[in-house]
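One structure is given below, encoded as structure tokens.
Residue numbering begins at 1 within each chain, and the chains themselves are lettered A, B, C and D in the order written.
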Amino acid sequence: MSQPEGVPAMEYRFLGRSGLQVSAISLGGWLTYGGHVDKEGTFECMKTAYDCGVNFFDCAEGYAGGESEIVMGEAIKKYGWKRNDLVISTKLYWGQAFGDNIVNNKGLSRKHIIEGMDASLKRLGLEYVDLIYAHRPDRQTPIEETVRAFNHLINTGKAFYWGTSEWNADEIAHAWRYADKLGLIGPVMEQPQYSMICREKVETEYSLLYREHGLGLTVFSPLGGGILTGKYKNGIPDDSRYAQQSVEFIKGFWQRTGKEQWDERIQKVNKIEPIAEKLGVKMNVLALAWVLKNPNVSSAITGASSPQQIVDNCKALAVLDKLTPEIMQQIDEILENKPPALTPRF
Amino acid sequence: MSQPEGVPAMEYRFLGRSGLQVSAISLGGWLTYGGHVDKEGTFECMKTAYDCGVNFFDCAEGYAGGESEIVMGEAIKKYGWKRNDLVISTKLYWGQAFGDNIVNNKGLSRKHIIEGMDASLKRLGLEYVDLIYAHRPDRQTPIEETVRAFNHLINTGKAFYWGTSEWNADEIAHAWRYADKLGLIGPVMEQPQYSMICREKVETEYSLLYREHGLGLTVFSPLGGGILTGKYKNGIPDDSRYAQQSVEFIKGFWQRTGKEQWDERIQKVNKIEPIAEKLGVKMNVLALAWVLKNPNVSSAITGASSPQQIVDNCKALAVLDKLTPEIMQQIDEILENKPPALTPRF
Amino acid sequence: MSQPEGVPAMEYRFLGRSGLQVSAISLGGWLTYGGHVDKEGTFECMKTAYDCGVNFFDCAEGYAGGESEIVMGEAIKKYGWKRNDLVISTKLYWGQAFGDNIVNNKGLSRKHIIEGMDASLKRLGLEYVDLIYAHRPDRQTPIEETVRAFNHLINTGKAFYWGTSEWNADEIAHAWRYADKLGLIGPVMEQPQYSMICREKVETEYSLLYREHGLGLTVFSPLGGGILTGKYKNGIPDDSRYAQQSVEFIKGFWQRTGKEQWDERIQKVNKIEPIAEKLGVKMNVLALAWVLKNPNVSSAITGASSPQQIVDNCKALAVLDKLTPEIMQQIDEILENKPPALTPRF
Amino acid sequence: MSQPEGVPAMEYRFLGRSGLQVSAISLGGWLTYGGHVDKEGTFECMKTAYDCGVNFFDCAEGYAGGESEIVMGEAIKKYGWKRNDLVISTKLYWGQAFGDNIVNNKGLSRKHIIEGMDASLKRLGLEYVDLIYAHRPDRQTPIEETVRAFNHLINTGKAFYWGTSEWNADEIAHAWRYADKLGLIGPVMEQPQYSMICREKVETEYSLLYREHGLGLTVFSPLGGGILTGKYKNGIPDDSRYAQQSVEFIKGFWQRTGKEQWDERIQKVNKIEPIAEKLGVKMNVLALAWVLKNPNVSSAITGASSPQQIVDNCKALAVLDKLTPEIMQQIDEILENKPPALTPRF
């Protein structure tokens, strides 16, 4: 580990109410590794992240049809990192790439959780992951079966902690209900989207879960899929990550929420940029620091197609102290999307 | 019990996954009894409802500062109805009218639940209610304390079943978590708003609760606070219930959601009215029948300031069979507010 | 208590796996007390039974629309029997006689169990019963609710033990499942029909319940509704209990199972009578003794419209020892209805 | 997987209240594979089934003294099917073929369940099965021991789900009672006989289990052991499956239930055949579709001694929609064996 110059010291946070510490900034393989970033590029990114103090690398069986796990696993081996220095995660839900008859190669049945875990570990070249996620709610499998199956993974040493990704609050509450009832381990973390432009689930819906279960968050898309970097303010440039595979994503966004809303978001970013300038940082750094300011966020999972992006992102760690209540309020006033607090006794 | 002419036979439904049956149409005291409807008017309404087969009468400590419980209790005594023929409910949360120092005269602490229940029973002149509701979530009292206190009411014979009103799905799930953990009785019913113009909570958010706990619903405002009667299509008439106390309510609505949305709703009602005409019923009858078509609705709580309104509402019972899938779809297309189903395994 | 001459000493048996002892022969009010037997007749029968050592008197809210409880309660008061010398039971299910709107005045909801118990105790003039039965399964009320409600009766001192009547084995097993899960009291006794001509439920279906839960039986119709007294062998006489209200019962039987089966049963009785003669007892005495020979029977509930019948029935107690394996086998060979044992490991 | 021409797309159903999906039509080894169908024939049948979309293959330690497991395991290896595409089951109870002293090589003791499972997996050449069944109740082993032992298999990764075959409803309820009490996994499926001529257990006895535990059924003999194919209407042909090993079976049937009842069944089949003709399908296709019409049936296990039979059976999938309530009623009227519904609250 040779910390690159100008990069602040990494901050480590407990993963919710657990004893595990994850780097506040982490690196994920979604849309990049195993996909449009080639093997060498992946290795370089992971090396740089590791050198910046990132200990948490996030993956999923569904990323790039399993290729993401393969290449990330290779990086770990290539650099000879010690297993106990790393927090490796993967997620189960979309295993359909791995069979001819997909009916049972997806979802959160006991069968897929166990078979999927084994296949993931094989691709990663690991004996266990630290974190295993349910990569969506499976509303057709009884939650009890899912809770039991994740506990089976923990009991057989294939994972240390389990959590969810994009579950509703009441689904997580039901998972805890079964865990409590059966004396099993409940989901300790959730992986939602969270950024300046996507706040409701994290800031309102999950409130009770932080208090009741100490839920920790490992959030994805902290830069709003790139919007919060400011790079789209003059349209979609050719050299962006989207240039290759995500023009469709943006078009999809427009279809789902309207071009109008996209433009509105771009305008908000334009209004926030002066605040970033005043703080002497780039927009993406401010946006990431803003996410990390939320104490329920254990880690912000960033994507990167070049080492430089990682170095840049890590600068957010130096900005947290500068985000005074006044500045946070200014930002809220521009964003106009702060969800109302759940009303207290009234 | 002397069924008024032209009123269809009452339908009784199980209250969620319980053994108690409630009339599909019930009568509530909100905004009416103890308030702008005088004692004689209240008696007449309750008598007519009873004669129409209504067995479920809904009240709350907070309705008209306790007056609603007093007058509804008097009606029960006046007519000599047998206690076992009735399903009487009340709700605890806003007891502040009954003390000088309001800090503990509200909310869902053990203290207010027990003291509030005793005060309600005294006002009602009853030894027990059938149903007791938590009249909002109390986000400052531990849910475990609330669950234990409602079980205390059941164990001491002051109530037979307990439920919630306007809780979020995850709050109800947590109540069940504590009930399960402690071997206690969980909330069997929830009292949300539900009508053609207010659907999301009932049709989406609570989905898992129906399956997991057999949650039953006793819905309020099935006529959307009057909008769905069509009576506001030419503005707010002077003789409406709103004329007395609810012009402020409508203004409040405009403040909260905008005049624009009010007008939009009025227009939707105007488009649905021809469907009512084709079925040969009034708009309010169609709107009520539409609510009762949802199998998770155990009872629709109606308000009435005159016996005639009750007789009219009961006609909805004869319309359910006429609401074919085709008609339901036509209505959905006009309303444009059918919440998306929670996605299945995808 | 002045034991009538010629009556053998009463035998007391533990009620299943409980610490309560009931007389092997008990007296029930079905079809008699409050019905075609007048008040004086009832008093005399109960007095004679008491003098013969009967301590268990069986009733139900549904017998004679509540009249049975009233008159049996009067007898207890009239003779000044000590409460602790008696085992009094009643049963809840059919309370519909006691309200205008029957929807909740029946079945096994929490509401009816609590309201029904209070009404029964009032009719009986007692503060508590020893045994309270669920007088049928209620397949629309969750079994958990029923288990909790019967425990509520026990917890509030209104009953000491609870049981079932005419439930299927799996329904009783489910009641125990909830009782165990919740740390509550399960059903200790079941009241089925049992006699030489009705054996399957008792001898086969309930097998596991004896072993698992120590289920005790208080059986009704031990004389097969009169067939086993031999009194119908020459047709239906005018002076029988059936003469008044049960010719319909027999006709109903014929409709349900056919005249042919009735005749077949009469013929079997005719073949068994010589065995009774050899033992020096009447047919009804043998039939009752045969029932009591089954060790799972805690008590055989007899009906009687005259004191003499009670005295006669009690003679069965002296016959048990004479029912050797050889005689039991002879009877089985005539009856041809011995249910096959549940196969052991095969 | 190359779907044969003219075969409708396979339907997959959740196995009761679990997250596992099984093909509605499945293939079992009973009386065929390892028995009178040779190895090549078995391979061809399994290949055809797989190509038709069958993912569930059913076996048992007792089928053909273990030979069935051996040959079915060879087929899986031969065709290189992916393990996660398959749902493989076996059943434990009759392991007596595999030892000299049979006392502990049978039944449902912990010893035989664990030893039997290991032996089955070895014969199958697999690391785990998806489903493991208790192949009868063992009324001499405590149910708790059996429940614990099947959970041991799941916990050690040798099976994913466990269930029962031909247990009584109260035995299954007791298994759930122990599972609940101990926080263990209960039996998720039962394998009973079910067909037009064998309905009671499935349609009546298990009712409560569907509601309480979401019991799923994988039914055997959906064609009534061949009677429902119509092939016996002119007597027993020489080329039938019975020709080889089952003339004894039929004679056994006659002994047990009488030649008369056999003839009666044949006559009923003759009356139903015209309905099949009107629907344009063969009798066996109608009979199988009728079984699949029951929503509690997760899969119908068919036997086949030739690939053509499988292709024929799969045609039943296209018939389900044609079985209107009217046709189902016609069939019921011919069969005259529809079991009465368990009475609701009365």
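Points to keep in mind about this one:
In this section, a residue touches a chain if its C-beta (ideal position, glycine included) is under 8 Å from a C-beta of that chain, and two chains touch if they have at least 3 such contacts.
The structure presented is a predicted model; accordingly, all values stated were derived computationally and were not measured.
Interface note: chain B and chain C, two copies of one sequence, contact each other through mostly non-matching residue numbers (shared numbers fall below half of all numbers used). With respect to chain A, maximal separation of chain centres occurs for C (centres as means of Cα atoms). With centres defined as mean CA coordinates, chain D is found 41 Å away from chain C. Averaged Cα coordinates give chain B a centre that lies 48 Å from the centre of chain D. Measuring from the averaged C-alpha position of chain A to that of chain C gives a distance of 67 Å. Each chain gets a centre from the mean of its Cα atoms; for chain B and chain C, those two points are 45 Å apart. Listed for chain C are residues 107, 138, 140-141, 181, each touching two or more other chains.
Across the interface of their complex, chain C is touched by residues 1, 12, 14, 17-21, 53, 55, 81-85, 87, 130, 154-155, 157, 160-161, 183, 185, 214 of chain B. Taken in their complex, chain A has these residues touching chain D: 95, 98-101, 103-105, 107-112, 114-115, 119, 138, 140-142, 145-146, 148, 152, 155-156, 181-183.
The residues of chain D lying in touch with chain C in their complex are 106-107, 136-141, 143, 168-174, 176-177, 180-181, 205, 207-209, 212, 342-346.
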